Structures are given as structure tokens and as C-alpha cells.
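Heads up, the next two complexes both have chain A, just with different partners, chain B and then chain C.
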Partner chain A sequence: MIRESFIVLLSHWRRKPLQLIMLLLGLALATALWSAVQAINGEARASYARAAAVVGQDRLESLVQSDGSRFSQQIYVDLRRAGWLVSPIIEGEKRIGGERIRIIGIDPLTLPPQARQVDVMGAGIGLKNFITPPGILVTSPETAQRLEGAALPPVAVVDTLPPGTAMTDIGIAQSLLEVEGQVSRLLLWPTQPASAKPLEETAPGLIRRQPAVESDLSRLTDSFHLNLTAFGFLAFAVGIFIVHSAIGLAFEQRRAVFRTLRALGLPLRSLVILLAAELMAFALFSGLAGVALGYGVAWALLPDVAASLRGLYGAEVPGTLTIRPSVWLAGIAIAVAGTMVSAAGGLWRLWNMPLLAPARPRAWGLASERAMRLQALSGIALMVVTGALTQVGSGLVAGFAALAALLLGSALLLPPLLSSLLKLGSRTARSVLAQWFWADTRQQLPGLSLALMALLLALSANAGVGTMVSSFRLTFTGWLDQRLASELYVTARNQDEAQAMRDWLVPRSDAVLPIWNAETRVEGQPVQVFGIVDHATYRDNWPMLAQVPDVWDRIAASEAVLLNEQLARRSGLGLGDPVALSNGLSLPVAGIFSDYGNPKGQVIVSNDLLVKNFPDANRLRYAVRIDPAKAARLADDLRTAFALPLENVIDQASVKSFSLRIFDRTFAVTAALNVLTLGVAALAIFASLLTLSGMRLPQLAPVWAMGLTRRHLAGLELLRSIALAALTMIVAIPVGIGLSWMLLAVVNVEAFGWRLPLHLFPLDWVRLAIFALLAAGVAAAVPALRLARIPPAQLLKVFANES
Partner chain B sequence: MKAEALLLFLALSTPALAQGFAGMGEDAEGFSVPQAGTELVFPRDHGAHPDFRIEWWYLTANLEAADGTDYGVQWTLFRSALAPSEGQGWQSPQLWMGHAALTSAEKHRSAERLSRGGIGQAGVVEQPFAATIDDWHMTSRAVASADSLSSIDLGASGQDFSFTLKLDAMGPLVLQGDRGYSVKSAEGQASYYYSQPFYEVAGTLKLLEGDVAVTGKAWFDHEWSSQPLGADQTGWDWFSFHFDSGEKLMGFRLRDSAGGFTSATWINADGRAEPQAPGALQVTPLEFAEVAGRSLPVRWQVKLPDKKLDVSTRALNPNSWMDTQVSYWEGPVRIEGTHAGRGYVEMTGYE
Partner chain C sequence: MDWNAAAGMLLALKDVSKSYTTSEGPIQVLRGVSLSLDAGENAALTGESGSGKSTLLHIVGGLDTADSGTVHLDGRDIAGMDDQQLAELRRGTVGLVFQQFNLIPSLDVAANLAFQARLAGRHDERWAAMLAERLGLSQLLKRYPEQLSGGQQQRVAIGRTLAARPKIILADEPTGNLDEATGDAVLDLMLGLQAETGAALLMVTHSARLAARFGRRFHLTGGKLA
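Then we have the complex of A and B:
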């Protein structure tokens, strides 16, 4: 009995393969986008963890100079001779064939066990090869590929290192980085001999630094990943709308079957269990397919995400995915949970269905007046919550909560709003047919409302994110023009060349401005300190957000500093607040400037101050002012005179296009997810219309009988879908603007550390609207086409079956 | 001769182990090989020999506190070369390893240090003699006219112990084997090897419980080679005995698939060394105990019929296990039988 019943239930799908495909596809798509985001986030987080664990810095204390600068390795030897168990580390970045590689030099003999990620003694490396020239660079497989062909020590590959990092012997690293005899920090073994002499006696300049429990990277990028997660959820929610309508349809259409099975003696409990089992099987199947698909999506998106993370935060994430069991489990779990939530209503109705209830699908619209009022009230309540959160709340979580409330609230308000709009529309009706059209559209609204809500979510997310990105881009382009005022940017290869280059440039240009910088920490954060000379280039162009009146005079007099926006926000420093730089130097903030696309905090001081306080400062870069018409010529001459490689002399236009390229890649992921979400929403409409078309024959047959052709009816159906999509689009625009305002004013500030002005781009909305209408039209085309070709006999049957 | 150095050397350098190159002067990788008949010259040969693969400065001391409590102290500096040369800075292919231990009847404490050569963290200076790694040191305070090892200061520290000792030699240096050329196998593997077994010691042990003033006797070995063991030799048992009569015995057995290879030097109280023929020394385990998860002899019978010697050893602490990267047993013993005295036993290669 059970077996036969199950076969009978399943036979429905054989007769409606399209419905089955819809259900499985919807579920698989929802799971796919969700899993893709999970897989990407998982990959990135694993990479941060690897970065944090490099040489045990997440578990071991270390000895450093208070300003983070390098120091003589003799201090290391002195400490060892005083009984301290320490191990030296040298760190630095090196450009190798255009790639920026972080080089970490270790001493494998003294390295604490907690810091041993690379088995130097092991096969494939060997201590001798590791420590004696030319040495060995140990990298991740991906980095090894990037380094292929560069004139470097031989490369060995391990999986335990983050990308962009090369580990090598300290001696080899010192030569590569050209810092012979210097170390960056000393790792402390967890336990020290009781007899060790006091630290202050042996190494007075060093301080103990606690292990970094959470890396700078994972903290910085947290909000970026939260962004992605939010997108994943949105996509899943939209996908679940499809599942819901497909399941609802299958339940409605099988009412007759249910009644017959029950009448034949199948217990209600068994029937419900059978249906649940059937859905569970679908959920498992689509869940698996969805995760697999998700990996495909993640694989396609990951290079862009990696580029974004590199561009925004300097975070290295590999461009390849690892298959994680947690992603599979979470994907399948969410597919099952989503299916069950979607089916709960149907199962509940079945549970309460009287044994001999009429097998005909009931009219959806009747009972929904009250439900719609309730929905409207909830929507309004959510809107109030949104307003309250933006006023009172602070931080990223509040920002996302407000976003969620806004989206959900407007989705709930959509059906009542459309209903009112349609009521208004019906007043314009002059003919009977028009009257029927409006009334019939309203009648269909409850059945379509879920799909339309999905469309609203997708459209407003599109409009909102699009507005955010475009606003950002506009601001960014304007900012680039201000920031990159100089015509040429040149970098010398060493100190002597820098001096010679400056002497060569001075008589040939209008001004040669040093761009010298050093690294330090402000309020515990790593920052770059730049030294500038007093020049109109800065006075006229620098993109200031806030400043004291005589800011440039005070900078020139070495009395004050400038901060970039992200540093000011992260550290809570404002105009007039003192900033403690190294060596006890503390100066007030005289201005805050915008600095988009820079992951690090930045401080600007006068060049004199930089030179005096940071003797190790990098002094190789200069900006050159010259008549733009002569810039290209000067660049060529300079390259020839000093035999400089191409990348050492860069003109303004190249820097700009490079920056914009990074910017565009950063938001490529967002754009891709947007398109995918919209696609899913179109699918939701399609599924809903398909659901309805089967049930609407009793409503259409009388109209047909009164003389309207099938073709005409189909045209009206198509028109209706497009009209509803158009109305939804109109609602989506204000919601999208609200969304983008929140993204710019709340989420971006938290995620990137800068606030941007909101710009509106109506042309984008027009494009989006056309796309939405097209999507709705395509979705409605199949059911409409069916209607146009329906055998008249089937329409006649409606009257025959009526009882 | 200490076999753990061999193991270290195996662990650290390339797998290609040179075998059977005795007499050729150099092995396949360019390391020097001990030559019979070479005269050792001091103080030059107190220093390091970077052209040989392995080398060690090894000191063991049998000590006693005022209340009669026995202690043992070990201090060793190993050198292992990745290539037969010395270089400046981190490029130096010379690696250094220190082992120190402080043994009492209740507890065996040990410590280990590793260092690269070339940067000043570890090394050996000939004149004035100083062997150091980190804060561990063996430094000469001998007057210029005397052998630089005749008076030395010794110190080392671990997590839960440290010691500082003053040592003064009451006799001359003793060349082992054939004037310092010590044969290790029937195939002819050999090393350069000399000892200073006549140290009188006074100093302080610093324990968590407090400081302990101690006096006693110490034995120093300096040995270097490039090809220490034969292919089928699996480990060894090494003995250094101070007899109450003032006489000393150094003996070892290299274990192999057959009966093993034994060698010994009888040292008269005046320092005159009498190298014994291979096989003259007979050693037999009397009692085994479970130490660090393996079975080890903790009592030995040691016989040298020519000298009418038949003694047994008793470990001060049967658990004298060196829990270092290359692990082995090394601890102080009491000697009973035809001759009474104290000494040290080392056992390696027991798996």
C-alpha cells in the first residue's frame, strides 16, 4: 500500500516534468548561490588563518622595537648569550617580476616548535639546501607558479603557507631584502630558563608583543565577508520563493490524488510522511547539485574576490578552491531546511483537509483580504524598525539589520500596495474587457505575490547596489584627479640613484616632490607615514574632508599632521587631537583627507619631520610636475638617462587607469551576484505563472466562451505580467535608493572606513526596468504560448466538469 | 666517541653517508678523514676542525654535596658541518648543538640548545680556549705557560637547573688509541680522540630547591671525525671510570650484527696511557630496566683480564634519559668489584 501510494504520488512529476525541473532548479540555485558565498568566505578565512599562523605569531609572544622597525641581529646574539630562548625573524616585501611577495626569513635551528609550519629537515628541502646559498624559497603552490621564471633561489612548495608569502632561511632573506645583519623581531619560546638575565639589561630597546589572537587581516576583512554573506542570504531567500511556489502548485494539483488515496484507506499520517520523504529526497538531490553548482560559481568568482581583497586590504587569498566538508554539509542542510519551510504550509493544509473535500483547487484570492491587511501592518512595523535602527543603531550589525528590515518590510508591503494601485487602475477602465482585466489581475495577485516579492528584492538590491557602486566610482574618479595631480611618478632603485635622478630632474621640470615614507604604528595599527614638501600641488588639489584654516602652513612648519579618513575613523581621532608617532613625537591633527582604495592608515607630515624622526624612511620615490605636453618626452629621457625599467617611471594616466581597473574588479563580484539574483527572481515569476496557468482555466474559459480568441487572451496574460513587473519596478526604485544610502552611509564606513556621497543614476534604473520587463515577459511567454495553443476542447471541458 | 652525534649528523645532513674511505684523506663530499700517524698539536687541536663532519667537546662530572648526596653533570658542545668549510654570517655551513644534564638519584634534568655558526651565537675559540653556545660556556682560565684546558670554568642552564663549576686538571692530556687516532671498527673507521680525565671540580648547582655546593671529578673528551661508524653498527655503550686508586679507564663497545667491537684505554694514575687491543675489553649487561619506553641495561659487568679488572656498574638514576632531539641514555654510575670508583656510562641506539 505504502509503496503503491508513493508511486502514485511520484507519478505526478512524470506527468509534469517542467514543474519538477522548476522545483529542483529553484532549490539547487538557491543552494548554489548560498554555497558559493560560503565557499569563497571559507577559502578567504582559511587563508587569513594561515597568514596569522605564519611563524606562530598567533601563539607566540615576540620581541619588537616599539615602532616596529628592524634592528641589529647582534641584539639577538646578545639575548641568546644572556640565556633567552629567542628566534630571529626577518620580514619584508620584495617585488619580483611585478609580483609583490612577502619574504619571511627564519632560523630553522632556533625556531620554536609552535612556529614550525615548514618541515625544513624533511624530504624535498633538507637543512643544507635551505640554509646554504642559494637557499630555497618555500611557497604555496600558487605563489610558486607566479614566481616561475624569476631569477630567484629554487622554490619548494607546501600547502601550509598563505599565498604571496615565501619562507626562506634568514640569511637568504637578508640578502634578498638587502638588509644584511638585521632582524624584524624575535620569537620568544613559551618558557624561558629561570636564569635568563633581565630583558631591560640586554635589549633595552625591545618590547614584548602579545601573540595576535586575531590577525589584522581577518578584522579588516570581516565586513567584506559579511557583505558577501548578506548577498548569499538574499539569493537564497529569492530562490526559496521559487521552491515555495513549485511545492504549492504540486500540492494543489494533487488534491484529487490525496483524496483518492485517503479514501482508499491510506492513513493521513502515512500520506504526510510520504510527502515529506518525497520532498526530503528532492532537497537532498538539489542540495548536492546546488553545492556542486555553488563551487562552480565560487570558482568563477574567486579570482575577482581575491583581486578585491588584495586591492582593498592587501589580503592575499588563493585563486583556487579547496573542497570543504563544512560547505557541503551546510549547503545540504540549508536546502533541506528551505524545502521544509516552503512545504510547511502545504503539509499543514493537508493535515487539516477534510477527507471528502472538493478536489478542485480553491480560489486563492478569497481568504486573503485579511491576510493582506496583516501583511501590510507587518510591513509598516518593519519600516518603523528600519527607521529606528538607522537613527539609533551603530555598527555593521545594526546596518545590516536595518537593511534586512527595509527589504523585508517593503516586500511585505508590495502586495497591498499593488492591490491599491490596481484598484486605482480599474477606475480608468472604460470597456468591459478592461474592467475584467483589472479585476482578474487583482484576483491573481495573491498567487503571484510571492514571486513579485522576490522580484522586488532582486530589483531593489540591484538598484541599491548599482547606485552605491556608481556613486563610489564617480567619487573615486574625481578623487583620483585631485590625488594624482603630478604628471610623473618615478622610483629609483637605490639611494644614490634617487639623488642623481633628483639632480637630473630639477632643471628639466617645474618641481620635483619627494614621496618618502616609513612604516610605524598609531594607536596600535600599522600605518604609513608620508613626508611632503610645501607646494601648490598639495595646497590646490589635496582631497581634504575636514581641515583647520591654516592647515598647509602648519604642516609645512612641522606643527601638525594629516590623517586619512580610514585611520581617523578607526582610531576615533578628529581635528586637533594629538597623534602619537614614534619616538615620543606627538602632534595635533590639522586635516583629514579621503584615501579610497588604501587598506592602510596613512599619516602625512612635513618631509623634514619624516627625515628627522624616521631615519630608515624609504627615499626612492618622487612626483614630478611638468607641462603635461612634455611629460611623455621627459619620461622617455629619464628612462634612457638612468636605464630605468618601464615600471619605474609612471605617468599620471597609467596610475589612474590602473587604479580604476582595481576598482572595477573590486565590484565585479557584486555585479555578478546581482545578475544571478535577478535571474533567480525571473525564474520565480516563471514558476508562479506556470502554477497559476494550470488553475486559471475555469476563469479564462468563460471569457473565451464569450468570444475572446485564445490569442487575445494570451496577449492579455503577457501584458498583465509585464504590468505587474513594471509596478514592482516602480516600488523597487525608492527601496533601492534607501538601500544604497544605507550601504554608503553605514555599511561602507564600517567595511572600508570611508563615507561617500550619494549620487543618483536614473539611466541605470531605466536599463534595469527594461531588463525586469524583459524578464517578466520571457517568464510569462511560455504559459501564454500554451494558452494560445490550448485545444478548445480543453476549455470546453471546464464547463463539462463544473458541478 | 659519542654516537648521538652521528645520529645528529645523519638527521641534519644529506643522506649520502660516506663509507669505507679510510685512508683516502677525503670522503666523497670533500670532508677530511682521520689519518693514522698524524700528530695532534695543542692548543691548535683544542679548537674546531671545520673540515671534518662532526666534532664534540664533552664533559662529564661525578659530584658530591657536603652531605654526601651524589650528583652527575654533563656538558657537551657538538659541531656538525653541512660542508667542509667555514663561512661568515648565516652562510656558515657549521651547526652547533649543546646538551647539558644534571642528574641526582631522584631526578634527571636535561636541556638542549641549537645554533648556527658564523653569527657569534656559538662556536669554539682556540686561544684563549672558549667553547660556547648561548649562555653555556667552557672557558679556559689557565696561565699562559700551561695547557689551556688545564683550568676551565663551566656553566649551563636549563628550564629548572643551572650550574657553574671550576675545573682544574691534576694530570696531563691523554691521547686515545694510537696517539690520538682511535679506531672504531674492524673496517677501519676512526676518529681523532683525546681526553683530560684528571679534573678536580668545585662549584655550585642551582636547583629549584636551592643552591648546592659540590666537589668531585670530571672527565673531558674532544673528538672529531667524518665517518664515525661502520654500516652495520647500530649504537654503542661507552664507559669512563675514575677508580679510587687514581687509575682511569675509557672503554666502548660498538654493537653490530655480530659480536660487536670493543676498545679501551687504561690510564695510569700518572697519566701514562695503555691502549688495549681491540676485543680485550668485555662488557655484559647484567640487568635491564624500562626507560623511556624501551629496555636498557642499567647494570653492566666490565672486564679487562690483562688488568685483572672485573667490576659492575650501578646507575645513580636508572632514568638518566636525555630527552633531546636525538635521545640517548647518559648518567653517573658507582663502580663495584675488583676496583671501586665512580664514572659515567652512555648508551645509544637502543630502540
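Then we have the complex of A and C:
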């Protein structure tokens, strides 16, 4: 009985293969986009974990300066003599051939076993080669490739290091970083001899730092990955609309079969279990296909995501994917969960369906006025929640909750709103066909509402994210013009060359402005401190968001500091608040400036103050002011005079175009996810129209019989889809603007630390509208074409009551 | 039948044949059927299931085409008409009433009543109001088809057809889904209004009792007129 019943239930799909394809495709696509995001996130997080684990930072305590600055190697010697089991580490960034590489210097002889990520004693390297000049740079394969041809010690490749990192002997590293005799921190062995003298006596300036459970990078990038996850979930939700629609339709079409099976003696419980088993099989199949497809999408998107992470956070993520069981399991789990959520309503109705319930193939589509009112009320309630969360909520989770409430609320409000508009259209129509067209469209609404809601979500997300990105780009471009006011930016290869270059440039230019910087910690966060000289370049152009009246005078007098927006927001610092920099130096904030695209906090002080308080500051870079017409010539002369590589002398236009390239690449993944989500929504419309088309004949045949041709009816069907898509697009624009405002004013502030003004781009909406109408037209074309070519005999079946 | 005389009538069919292709091979539904009907006449078309009654009605109404033979309706040979011409014929000349009522579910009773007349460009408010009154629909004009009983729906379907003032009404078992009393009442109305408007009426029915009330009767057996 069970086997026969199952065969009967499955026979539905054999008769309706297209419906089955839509169900499987919807589920696979939904799972694919979700899994793609999970695979990307997984790859990035694994990379952060590798970075965090370098030389045991995640497991071992360290001794550091309270402000995070480097200190003398002599302290290490003193501690060893005092009996402490410590190992010195030097860390720093070095620009090699246009690439920033994190150099880590270790002492392999004293390194605790827990920190031995690289086996320097191994045959591939050898201790002697490692510690004696020229030494060996140990890197990941990707980094080794990037370093090819650079004037560096020989490179050895290992898989255990994250990209962008090179490990070498401490002496070699000090020399590469030009910080001889200094260390960044001392790794503490897990157990220390009881006889060791107290730390306060031997190294009073050092403090113990606990192992980092979560790296700075992981914390910084959390919001980026949350953004991706939210997008993945949105795409999943849009895909699930297709699944819900297909399952709902299949349930209603099989009502008569359910009734017959039950009448023939199949218990209700068995019927429900059989249906659940059928759906589970579909979910497993689609889930597996979806995850495989997701890996394909992730593979295509990962290079852009890696570029985004590097551009936004300086995080290095390899461009290759690892097959992770967790992604497969999560993908299949979400496919099963999505299917069960989509089927829950149908199974519940079946559970409560009386044995003699009439088979009404269109019952699922006939939403009552009451249900519509309830939906409208829920939508309004969610809008109120959105407003409340925006006003009183705080944090990224509240931001995303508000976004979700806005999107879901709008989606719920769409069908009642469209219904009202179509009712108005029907009432005000003059011709009989127009009156029928609007009234009939309104009647189709319940059957199409899920697909239209999916389209609304996709269009709103597209309009909203598009507006956000375009607003950001406009602001960013203006900001670049302000921030990159100098004509040339030059970088010397070492201190002596920097001094010589400066001497060479001064008589040949209008001004040579140092871009010197050091690293420190403010409020526990790593920040960069820049020193500037008093010059009109800054007074006239610097992109200030807030400032005290005499800001530049106070900076020049070393009485105050400037903070970038992200540092001010993260630390809760405002104008006048004191900022503790180092060695007891504390100055008030005189201004806050915008600093888009920079993952790090930044403090600007007078150059004198920087030199005095940060003696090991990097002093290799300068900005050069000169008549723009003479800039190219000066750049050539400078390169010739100092035999500088091309990338060490960059003109303003190149920096701007490079920055914009990074910007565009950063949002390439967003654009790709946007297009994929729209594609899924278009598929949802196609699936709904196709499944509805078979049920439309009883409504269309009488109109045909009363004198309309099949082609005319097909044209009206096409027009109906386009009209619904157009109305949905009109609703999507204000929702998109709301979404964009929330992204700019709430989510971005929490995620990146900067707030951007909202700009509107109507031409982008026109483009999106054209796409939406085309998508709806293409989706409706197949059912319309079928209608135009349907044999009259099939239409006549409607009147013979045989269909 | 005198074909020359018949050709001058409102409806004249000569040697009409029709077959359908099925998975078990072709099925001959009509075999050389000839009949005629003049304006104001009413006729019942009877026959067992599968005898070709509905097919014949569909061919006359321009919903389907004959394989061979000629069909003259209102002075025109409809056998050679294309899709557009057949649509115009259905809109302007023919009125169809079906067993399943086939009302437009998205329109209320008033809009359903006026639909075909407005499509044909012959809508007359007073005529429609009179029909609604005669059919007992005046109180139901704002209701939707799903809110009506079967008898009420069929009365709307008849009203819709008559409102367009067609030259011929083709009814396919219009009382088939109604109980006997309601069916009789619907037929009374239909015959009465048909006589008043001067339209011809060709009605398919299974019921010999109902067929007896028509001026003429045709009986189909195995695709041929008996």
C-alpha cells in the first residue's frame, strides 16, 4: 500500500516535469547562493585563523609595551638573564615591488614549541641557512609568487603561513625593516621557572598580553562577512519563494489524489510522511547540486572578495577554495530546512483537511480579502518595527534586523497595495477589455504574489545597494580630489635616500610635504599616527567632517590631534576629547576627517610631535606640490636621478585611478550577487507564470469564445506580466531608497566606521526598470507563446468540462 | 434538403465532417452533417454521448473548424475564415451559453452581463437593465460569480449572450448542471427571450423532455443526423 501510494504521488511529477524542474532549480539556486557565501566566508575565516595563529599569538602570552610600540632588544637579554623563558619577535610591514608584505622575525632557537609553525630545522630550509645571512624568507606559495624577482633573501615555500606574510630570522627581519636592535614583543613560554625575577623589576615598561582569542582582522572583517551572509540569505529567501510556490501548487493539484488515497485506506499519517519523504529526497538532491553550484559561484567571486578584503581591511585571503565538509553540511541542512518551511503550510492544511474536502485546484490562489487585510496589517507592523529599530536600536545586528523588517514588511504590503491599485484601474477603465484586464490581473494576484514579492526583494536590494554604492562612489571620488591634492607621491627605499631625495626636490618644487608615520595603539586599537607640516595643502583641502575654529593653528602648534572618522566612532571620541598617544602624551581632538576605505584608525599630529615621540617612525614618503604641467617632467627627472622604480614615484591621477579601481573591485562581488538575486527572482516569475498558465484556460477560454483571438489574449497576458513588474518596480524604488539610507546611515557606520551622504541616481533606476520589465517579459513570453499557439480543441475542453 | 434554399437561411450546414486524431488513431466525430436554421427558429440537438453534438455546435460557433463541407452563417461561409475573422464572427453574430456557465470570475454580475455586448460595441444600458430585471438579477448586480448559485450563474450567462443581441444563440446543455425545476425555469426564460429578440436558438440537450419544447429537433447518431 505504502509503495503503491508513493508511486502514485510521484507520478504527479512525471506528468508535470517542468514543475519538478522549477522546484529543484529554485531550491538548488537558493542553496547555491547561500553556499557560495558560506564557502567564501569559510575561506576568509580560515585565513584569518592562520594569520592569528602565526607564531602562537592565539595560544601564548606575550610581553609588550603598553602602547604597542617596539622596544629595545636589550630588554629581551635582561629578561633571559633574569631567568625568563621568552622568545623575541619583530613584526612590521614592508613594501616590496608594490606589494605590502608582513615581515615576521623569529629566533628559532628560543621559540616555544607551540609557536613553531614553520619547521626551520627541516630539510627544505635548514637552521644554518635560516639564521645566517642572507637568511631565508619563508612564505606561502601565493606570496612567493608575488615576491618573484624582488631583491630579497632566498624564498622557501610552506603551506602553513597565510598569504602576505614572510617569516625569517629576527636579525634578517630587523635589517629588512630597518629596525636594528628592536623587537615588537616577547613570546612567553607556557611555564616559567619559579626562580625568575619579578617582571616589574627586570622590564618595568612591559605588560603581559593574553593570547588573542579573536584576531583584530577577524573582528574588523566580521561586519563584511555579515554583509555577505545577509546578501546570501536574501538570495536564499528569494529562491525559497519559488520552492514555496511550486510545492503549494503541487499540493493543491494533488488534492484529488490525496482524497482518493485516503478514501482507499491510506492513513493520513502515512500520507503526510510519504509527502515529507518525497520533499526530503528533493531537498537532498537539490541541496547537493546547490552546494556544488555554490562552489562554482564562490570560485568565480573569490578573487573579487579577496580584493575587497585586501582593499578594505588589508586582510590577505588566498584566491583558492578548499572543499569544506561544514559548507556541504550547512548547504544541505539549509536546503532541507527551506523545503520544510516551504511545505509546512501545505502539510498542515493536509493534516487538517477533511476526507471529503472538494478538489479545488485554484484554492491555494484564492486569497480572501481577510487574508489580504491581515497581510497588510503585518506589513504595517513590520514597518513600525523598522522605524523603531532605526531610532532606538544600536549595533550591526539591530541594523540588519531593521533591514530585514523593512524588506519583509514591504514584501507583505506589496500584494494588498497592488490589489488596491488594480481595483482602481478596473473601476476607472473605460473600455471593456481594459476593465477585464485589470480585474483579471487582480484575480491573478494571489497566484503571482509570491513571485512578485521575490521580485520586489530583488529589485529593492538592487536599487538600494546600487544607490549605496553609487553614493559611496560619488562621495569617494570627491573625497579623493580633496585628499590627494598633491601632484606627486614619492617613496624612498631607505632613510638616506629619503633625505637625499628631499634635498633634491626642495629647489625643484613648490613644496615637499613629509608623509611620515608610526604605529601605536589608541583606546586599545592599533592606529597609524601621521605627521604633517603646516601647509595650505591641508588647510585648503583636507576633508574635515568636524573641527574646532583654529584647527590647523592648533595642530601646527602641537596642541591637538586630528582623528579619522572610523577611529572617532569606534572609540567614541569627539571634538575636545583627550587622546592618549604614547609615553604619557595626551592631546585633545581638534578635528575629525573622512578617511574612506581605510581599515585602520588614523591620528594626525604635527610632524615635530611625530618625530619627537615616535623616533622609529617611517620617514620614506613625501607628497610634492608643483605646477601640474611640470609634474610629469619632475617625476621622470626624479626617477632618473635616483634610479627609482616606476612605482616609487606616482602622480596624483595614477593614485586616484588605482583607488577607484580598488573601489570598483570591492563592490564587484555585491554587483554579482545583485545580478544573481535578480536572476533568481526572474526565474520565480517564470515558474509562477508557467504553472499558472495551465490553470488560466478556464478564465481565458470564455473571453476567447466571445470574440478575442488567441494572439490577442497572449498579448494581454504578456502585458499583464510587464504591468505587474512595472508596478512592483515603482514600489521597489522607495523601498530601495529606504534600504540604501539604512545601509549608509546605520550598517556602514557600524561595519566600516564611516557615514556617507545619500545621493539619488534616477538613471540607475531606469536601467533597473528596463531590466525588470525585460525579465518579466521574457518570463511571460513562453506561457504567452504557448497560449498564442494553443489548439482550439484544448480551449474547447474548458466548455466540455474535460480539462 | 434544398441547399439553394437553405443557403439563404441564417444557418446552413452542408456535408460537414470532422475527425480528431487520438493516440488510438483518428476518430470520426461528424460524418456529412447537413442542416439549416432560420432567424427566429429554435431547435434542439440531441444524441448520445460522443455523438458529435458539442463538436457541431463548436463548428457553427466558429470555435472549431470542419474538415470538409460548408458552413454558412448569416450569409457568410465560415469554413475558410481565419482566426481574426472567426473571432469577429463570435463577437458580433454568435451568442454562446455553456453547461459550466463560464462566467468571468474577476468581473461582477453587471460587468459580466455587459461584457459581450460591450466587446461587440452594442451595449445598451436600458436593454441590459431590462434583461437583468427579466432574469431576476437586479439585486445581484454587484455580486461576483463565485457568490451565486448554479441557476443564478446560468441566468447571468444567458443574459450576457442576449445583451449582445446575437443573431444566433448556441447553447451547450445549459441546464445540464441544474436541477429539474431550475433547469425548466432557465429554459423558459431562454425560449421566451429568444422569441422576443428574434434570434435563432440551437441547443444541445440530452433530455428528450426538454427537446420536446423546441420548434425543431435534430438527432445525431454516430456523427450523422438521424
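By definition in this document, the second predicted complex is superposed on the first by the 720 of 803 C-alpha atoms of A that agree within 3 Å, B and C clash if a C-alpha of one lies under 4 Å from a C-alpha of the other, contacts with A are read in each partner's own complex, and residues count from 1 in each chain.
Throughout what follows, a contact is a pair of C-beta atoms (placed from the backbone, for glycine too) under 8 Å apart; a residue touches a chain by one contact, two chains touch by 3 or more.
Everything numeric in this text was worked out from a predicted model, so none of it was measured.
Touch criterion met: A:174 reaches chain B, while chain C stays clear of it. Of the two partner chains, neither chain B nor chain C is touched by A:464. In the superposition on chain A, contact is made by A:705 with chain C only, not with chain B. After overlaying the two complexes on the shared chain, residue contacts for A:195 are found with chain B alone; chain C is out of touch.
In the superposition on chain A, A:738 makes contact with neither chain B nor chain C. Chain A has no residue lying at the interface with chain B in one structure and with chain C in the other.
Chain B meets chain A in the complex at residues 11-14, 82-83, 89-91, 93, 95, 111, 114-116, 119-121, 132, 134-135, 157-160, 162, 206, 208. Every residue of chain A that touches chain C in the complex is listed here, in rising order: 431-433, 435-436, 439-440, 442-443, 698-699, 701-712, 792-793, 795-796, 798-801. The part of chain A that touches chain B in the complex is made up of residues 73-74, 76-77, 80-83, 107, 109-110, 121, 126-128, 131-133, 169-172, 174, 180-181, 191, 193-196. Partner chain A is touched in their complex by these residues of chain C: 20, 54, 58, 61, 63-65, 83-84, 87-92, 96, 98-100, 102-107, 111, 114-116, 118-120, 123, 172.
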